[in-house]
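Got a structure for you, questions after.
Order of writing sets the labels: A, B and C. Residues in every chain begin at 1.
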Amino acid sequence: MFDTAIFCLFLFQMVFMDTTATIPTGAMAERWNFKNFIIYGFWVGMFPYAFFGNWVWGGGWLAQLGQTMGLGHGHVDFAGSSVVHMCGGMIALSGAAVLGPRLGKFGPDGKARPIPGHNLVYVMLGTFILAFGWFGFNPGSTLAGTDHRIAIIAVNTMLCSASGALAACLMMYFKFGKPDPSMMCNGMLAGLVAITAPCAFVSSWGAVLIGLVAGTLVVYSVFFIEGKLKLDDPVGAISVHGTCGAWGVLSLGLFANGTYGAGWGGVHKLIKGGEVMRILNDGPASIAKYNEMTGSGPTGGWTDMGVTGALGKLFHGPMNDWSQFGAQCCGTLTCFVFVAGFAYVWFKCSNLIFPIRSVKDDEMEGLDVPEMGAECYPDYHLTDKSSPRVG
Amino acid sequence: MFDTAIFCLFLFQMVFMDTTATIPTGAMAERWNFKNFIIYGFWVGMFPYAFFGNWVWGGGWLAQLGQTMGLGHGHVDFAGSSVVHMCGGMIALSGAAVLGPRLGKFGPDGKARPIPGHNLVYVMLGTFILAFGWFGFNPGSTLAGTDHRIAIIAVNTMLCSASGALAACLMMYFKFGKPDPSMMCNGMLAGLVAITAPCAFVSSWGAVLIGLVAGTLVVYSVFFIEGKLKLDDPVGAISVHGTCGAWGVLSLGLFANGTYGAGWGGVHKLIKGGEVMRILNDGPASIAKYNEMTGSGPTGGWTDMGVTGALGKLFHGPMNDWSQFGAQCCGTLTCFVFVAGFAYVWFKCSNLIFPIRSVKDDEMEGLDVPEMGAECYPDYHLTDKSSPRVG
Amino acid sequence: MFDTAIFCLFLFQMVFMDTTATIPTGAMAERWNFKNFIIYGFWVGMFPYAFFGNWVWGGGWLAQLGQTMGLGHGHVDFAGSSVVHMCGGMIALSGAAVLGPRLGKFGPDGKARPIPGHNLVYVMLGTFILAFGWFGFNPGSTLAGTDHRIAIIAVNTMLCSASGALAACLMMYFKFGKPDPSMMCNGMLAGLVAITAPCAFVSSWGAVLIGLVAGTLVVYSVFFIEGKLKLDDPVGAISVHGTCGAWGVLSLGLFANGTYGAGWGGVHKLIKGGEVMRILNDGPASIAKYNEMTGSGPTGGWTDMGVTGALGKLFHGPMNDWSQFGAQCCGTLTCFVFVAGFAYVWFKCSNLIFPIRSVKDDEMEGLDVPEMGAECYPDYHLTDKSSPRVG
C-alpha cells in the first residue's frame, strides 16, 4: 500500500526544495513583505525548483545531454550545487533586484554603507548548524549508507568547507588587514555550496582546491554585487549560493577524476590504451556491445570510466573530457537564464497581488512588530548605533 | 553478562521520561523554587511516568483494553502523545494551579497581562532543536531501522509539524491581523505533539489534518487557560503538551487507517468481504484459528487489519472502528484523572517539605541570582520595559 | 583506488585532533593573539596530538606496555580521555602559564576576581551541543555500529554526564549555598571527559561513580588552579579536560570490570579458578597455546578476561589487576610531562614569531574589533558592569 522508498525520497527532496526556497530570504531580508513571502513559498516549490530539478535529477533534458548532444554524462550535480544552491541564488538575485536596497544602504553618493548584523554569535551558530546539516545533505545524497563512496563524500565536504573558510579569511586579511568572522562564515558556506555538486567525483586535493577558489570567489562576488551591481544582499546569499553554486557545477566539469559515476546519465565511456569509446544505454545491442568490450575476450579489456572533467588528468584521471565541462556550462547557463528570469517575472507579478516591499515606516522601525506582531527583544536597549539608517 | 537491547531501551526511555519531567518547567517558570524542583525531579520519574507508561507500554490494563473490554487494540500510543506529552501537560496543569500566577500576571481587574519572553531568537532556536529531536523520537520508536514504516513515520511527523505551524499562523492572523512568531512555534510543537501517537497509523492526509486541528486547538487552548481558568502558563506548555497530547491519541482513534499494527495489543481483527472477526492472542487454539482464517484453505482468505479508527474508511481504511476510539478515550481520561490528580496531591505535599513558590522579592528580582547564584547577562542593560511587573 | 575505511578514520580522527586543538582556546581566551593562534593550529595537529595519539592508538610504546612491561593491556583509552582531553588540557595549562592572566583578573592583593561570561544561555547551549556530540564521539569510537557494546557505551556516557553535573551542583551548593549553572555545565563536561576513556570497560555503577568523582574534582581543580597556581583559565578548560581527563584514564585502571577488551594491546589474560595466566600475541606458538587453554580439552577451560582494573572485583570483575592501573599511570604521566612540556616550549618559541599576547589596549577594548575587525553586538549597550577590568 505504501512504497517506503518514495516516502524517503519525498522527505529528502522536501528538505532540498525548502533549502532552495529559504536561500532568497537572506538576500531579501529586512524589507520583504510577509504576505508576499507566503505566496512566494507556494510558488517556489511548485515551479522553478520542480522544473529545474526535474531537468537535472528527473531524467530531463539537462540529464540527457550526454545521450543527445554527446556532452560527457550530461549535466551532473550530485547533491545540488545547481539544483538547490544556484537556483536559490538566482531567485535571490532577481528578488533583490526587484525589491531594491534597504533604506539607507546606499548613501547619497551611491556608495554602499555597511549595516552589520546585530549579533555575530547567531551568525556563527547558524553557520555551524548549516555545516552540520550538510553532512546529511551530501553523504545522504548517495541515498544508501551501503554506497562506500559516502566516506569520500564526507571527507571532501569537510576539506572543502575548511579551505573555503581559510581562503576567505586570508583574502579579507590581505585586503583589510583583519580577518572578518562573518566573511569566514561565508567562506565556509561557499566551500560547502561548491562541493555539493562534485563531492562524489573529485579527489581530496580537488576538494581543497575547489574550496580555496570558492572562498576567494565569494569575497569578490560580495563586493561586486554591492559595489558594481548596486544590489543590497544583507547576508551575501547571492554570492554564497549563486556564484559558488555555479562554481560548484563548473568545478565538477573541470576536476572530476573518473573514479565514480560510470554509466551516469546513460553514458558509458570506455577507455583502453588511451583510446576512448562511448556507448549509450539504449537497447539490447548496446548492452551486448558493452559486455563484450568490458569482458575478457579478444575484443574486451576496456575500462568503464566514471565522470571525468576537462582537467581530469591533473587529478590522475584517465583523460581530459572537455565535453563534460560543456554539459556543466549548459546547466549553469540554463539555471541563470531560466530561474533568474522566471523569478524576476514572478516577483514583478506577485507585487501586483501583495506589494513585495514593506511600507517605509515599517522598514525604519524594523519589521518585527509591524509585520510579525512581536518584538524580538522586548527587554533590551537596542541603539542601531552603527546603522546608517538612523537619523 | 549484558543484554544490550535492555541498555538501548533504557537510554531511549530515559529520554522519554526526562521529556515528561521537563514539560512542566515551562508552565511553572519564573516562580518555582529550585529545591522543590529537585525533589520533584526524583518523584516524577519514579511515579506518574512509571505507572502510566507501564499501563500503556508495559502491557498494563490500558494496553489490554482490546483483550479485556473489546475496545479495538487497547489504548494505542506509538511514541507518547499521552505517555510523554499529555502526562507532562497534566503535571504542568496541576503545578500551575498549585503555584498560582506570576506576580503582576493578572491585573486588578482580573484580566491577563502579557509578559513576553525576553528573546524570541531563543524561542525559535529551541523550537527547531525540539523539532529536530522529534525525528529521533517518532521514527526511533520503531526501535529498529529495519522497520520500513520508519519512512512514513518521518514524513507524517514533518507534514504534521508544518500544518500545525501554518494553522496557528492563520488563526493568529485572522484573530489579530498579524502572525505571532511564538504562537507559530507553539503551533509547530502542537502538531509534533499530536502526531506522536498516530504517526505510524495514519495516512499523509490524516497527518496534515491532525496538524491543522492541533495548530488551531493550541491557540484556543492558550486563551482558554489564561482567560477562563486564570492559570498562568508562561510558555503554553499545558496547551501544547496537554491539550494537543490528548488530541493526538484521540485522533489516532479517529483517523487510523488499518495499514499498520496488526495484532497490536494482542488483538487480531480479521476482515473478509465486509465481515469482521476478532481473535485474541490467548493460546494455541486461537493461533490455529488465526492461521486457518488467514490461510488459503476453504475457510481462509481473511485479512488481518491494523489499528483502525472510527473514521477509518474516510482514509481508505477497511472499516470504521468506534471501539478503538473508545480505547483512546479511556487512555485520555485516565491520564487526566490519574496524572493530574496525583500531581496535584504531590505539589501540595511537597510544598510542606520545601515551599514550592519562590519568595516574593526573589521573584520580582528574577530568580537568576537569588536561586541560582549567577546572573544570566551580567554585562547587558535589561529594562523589563514591557513587563507589567515593574512599578 | 580509494580505501573508504581510511577516509572514515581520517574524518573521525580529524574531529578528535580538532577537539584537542580547540580545548586550549577556552583557557587562553580574551588575550591570545590571533596570528599566534593560527600558527598554533598548524603545529598542534602535526606534533603533540600526532605523537601522543600514535603512542596510544597507533600501536606505540604506551599501547605496548602490556607486552613489553607486563602492565595490564598497556595504556588503554577508548575514546580519548588522555589522547584528546588531557592532551588539550595540558596544552591549555602551558598556554595559560605562558600567556599570564587577563588584565585585572588578580587584584593588587593577588586575589582572583571573578570575570563572569556575558551570556549564560550561550554557556548552556554550548554545553548541550558538546554533550550531543559526545554521543557520536564515544559510541562512534567502536568504529562499527555492529559492535553491540555501543549501547553500554551510550548509557555509561549519559549516566556519567548526569552524575558529574549533579556532583558539581551539590558541591557548589554546600560551599556557597547556591548551585552555579556554569559550574553545573563544567560538572557535566567533567563527567563526559572522564567517561571517554573507560566508557566501554565499566559497569553502569562504575560510570555513575566516575561522574560523581569528576564533578567533585572539577570544582576543586578550578579553585586550585585559580587560587594556588594563580593561573587564569576563563572557562575552566584545564580542570575540565586536563584534570578530569587524567581521572578518566586512571578510573579505567581502577574500575574496569573485565567484560570488554579481551586481547586489547596484544595481551590475553586467561583465568581459571582464580589462577591467572598471560599470553601475548607474538607468534604461532602463543596462538596454539591460547587455543589449547581456551578450548574444551583437558588443559582447557580458561576464560579470556577483558581489561580489568585494580578494583575490578568491586564491580564483579574476575580479579583486581593493579598492573593495569600502572599502565594508566604511565600514560597519564607521559601526557603531563611530554605534552605540557612540549607545549610550553612551543608557546615560548612561537612568541618569537608572532607575540602570543594581544597588546594591552586591544585587550582592554575586547579583541573583537582590534583582532577580528568586527563587533559582536554592534547595536547593544554593553557595560561590563560586573567586570573588574573597568576603571
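Assume a contact is a pair of C-beta atoms (placed from the backbone, for glycine too) under 8 Å apart; a residue touches a chain by one contact, two chains touch by 3 or more.
Source: prediction; values computed, not measured.
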Fraction-based call for subunit C against subunit B, same above half, different below
different
Quick one: how far do you have to rotate subunit A to sit on subunit C, C-alpha fit, nearest 5 degrees?
120
Rounded Å distance, subunit B centre to subunit C centre (Cα mean):
39
Expected list for subunit A, residues touching two or more other chains, is 119, 125, 380-381
Give every residue of subunit C touching subunit B within the complex, in rising order.
116-121, 125, 148-152, 154-155, 158, 172, 176-182, 259, 380-387
Which positions of subunit A touch subunit B when the two form their complex?
1-2, 4-5, 7-8, 10-11, 14, 34, 119, 122, 125, 368, 371-381
